[in-house]
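Multiple structures follow.
Each of the next two complexes has chain A plus one other chain: chain B in the first, chain C in the second.
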Partner chain A sequence: MPNQPLLTGEAIYRLIPQRPPIVMVDTFFSADETDAETGLHIHADNIFCQADTLQEPGLIEHVAQSAAAFAGYAPYTRGEAPKLGFIGEVKKFKIVRLPHCGEFLHTHLHVMGEAGGVTLIAAEVQVEGETLATCQMKIFIQEGE
Partner chain B sequence: MLIHDYYTIESNSIEGGIGDFCIRLNAGCRVYQGHFPGKPVSPGVCNIQMLKELAELMAGQRLFMNNLQQCRLTTLITPDEHPTLKANLLLEKIDGGYKLRAALGQDEAVFLEMKAELTPAK
Partner chain C sequence: MEKNELIEKINEVLAEEFEIEVSDITPEGDIKDTLQLDSLSLVDMVALIESEFGVKIKGTEVGQIKNFAALYDFVYSNQK
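Coming up: the complex of A and B.
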């Protein structure tokens, strides 16, 4: 696990266009050309929590916003605003178990390919080294207005 | 319901494993405060959750989506442009749970389609 996150809390707003109550990334550990690591503390007031558990859409949105943050990181380093990113396709989203409130999601993203504004990523979500979910996702980044 | 005021069911017909629903999205739902500020777009995951909840209605029990095999989101859905939607579900019983195929759209147009495997929630 990287020692010091690059961005945490509201500083993540520089990378993603989502705002409360639907911000599903609160830690941005690292990013290079092909990989990134993100995180999320699960609080009971998360809109996707029910019965002390983060439900399936919360887990999927966490991965989608992690990918959006990854896509937003390069523009951020150039001093540009984040662009709107949309999920185009979710594939093979396999969930071993849903995380509980109080747990911390640590997510690894890997870019499998990129073409024409579409990025294909593979993601693995862990809690303390235990894999909770894996998936592939196509993210569209909206250029300009 | 997970986000209790995200949508309402205006009508439904459930026969065997086939469910057809008319849905109304609520533009006042607070999720739009953040998705996105001043530019409401229905979060894809909320629509996936809605389809899962409709499948639960058909199954008569709470379900856990252990495998979202594929979900294509081909058209951005907004509560202003698309206040009403139709959802067509095919829920098939398989060993240990259900197989779901679902489409969300308007008239003949499909905005979102998904295939998933679900098991009874513990």
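Coming up: the complex of A and C.
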């Protein structure tokens, strides 16, 4: 894990359009052309938590927002507003176990390919090195207005 | 990898991924039609080629690769 995150807390709002209570990324560790790392502290008041556990939709939303933050980081460094993005497909979603409140999700994203404006991203969600979930997600980024 | 061997391997992995018969693939065949690719699934082929052969097809290049012969040539000339 990189020592110093690039962005944390409300600074993440510069990368994603979501706002509380549905913000599911609170740490942005790193990004380059093909890879990025994000994180999320799971608090008990998270709207996707039930019985002290983050539910599946919360995990999917975390990965989706991580991908959105990844896509938004390059425009952010150029002083531009984040572009609107859409999830085209979620596939090969495998959950080993659901995370509990109080745990910190550390997520690695890797761009597997791009074509026709669609980016295929592989994601791996970990807690302290333990893999909790993996998936692939297709993201369509809308260019221009 | 020699070209004939490469062609055989490309056909094999594409047929498996997109659930078609290897015999459905011909050099002149249109890739999108043969593999039944739409705007969302085209990226699956790009990712598969990169993961299996280490050859990255850029967004600007993928539109120029219309048939399998063009794909074979591209992968063969860009393989490491």
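We take it that the second predicted complex is superposed on the first by the 145 of 145 C-alpha atoms of A that agree within 3 Å, B and C clash if a C-alpha of one lies under 4 Å from a C-alpha of the other, contacts with A are read in each partner's own complex, and residues count from 1 in each chain.
Operating definition for what follows: a contact is a pair of C-beta atoms (placed from the backbone, for glycine too) under 8 Å apart; a residue touches a chain by one contact, two chains touch by 3 or more.
Please read all numbers here as calculations on a predicted model, not as lab measurements.
Enquirer: Please indicate which partner A:78 is in contact with in the superposed arrangement: first for chain B, second for chain C, both, or neither.
Expert: A:78: touches no partner chain.
Enquirer: Classify the contacts of A:19 with the two partner chains as first (chain B alone), second (chain C alone), both, or neither.
Expert: In the superposed model, A:19 contacts chain B only, not chain C.
Enquirer: With the two complexes superposed on chain A, say which partner A:115 touches: chain B (first), chain C (second), both, or neither.
Expert: Once the two structures are laid over each other on A, A:115 reaches chain C alone.
Enquirer: One more residue to check, A:92. First (chain B), second (chain C), both or neither?
Expert: In the superposition, A:92 touches chain B alone.
Enquirer: So, A:55: does it touch chain B (first), chain C (second), both, or neither?
Expert: The first partner, chain B, only.
Enquirer: Tell me which partner touches more residues of chain A in the superposed arrangement, chain B or chain C.
Expert: More residues of chain A are touched by B.
Enquirer: Could you give the residue numbers on chain A that contact chain B in one complex and chain C in the other?
Expert: Residues 88-89, which sit in both footprints.
Enquirer: Taking the complex as given, what residues does chain B use to touch chain A?
Expert: The contact residues of chain B facing chain A are 2-3, 30-31, 33-37, 41, 43-46, 48-49, 52, 64-74, 76.
Enquirer: With touch defined as at the start, can you tell me which chain C residues reach chain A in the complex?
Expert: 39-40, 42-47, 50-51, 57-59, 62-63
Enquirer: Can you tell me which positions in chain A touch chain C when the two form their complex?
Expert: 88-89, 112-120, 138
Enquirer: If you look only at chain A, which of its residues touch chain B in the complex?
Expert: 17-23, 47-48, 50, 55-58, 60-61, 64, 84, 86-95, 98, 135
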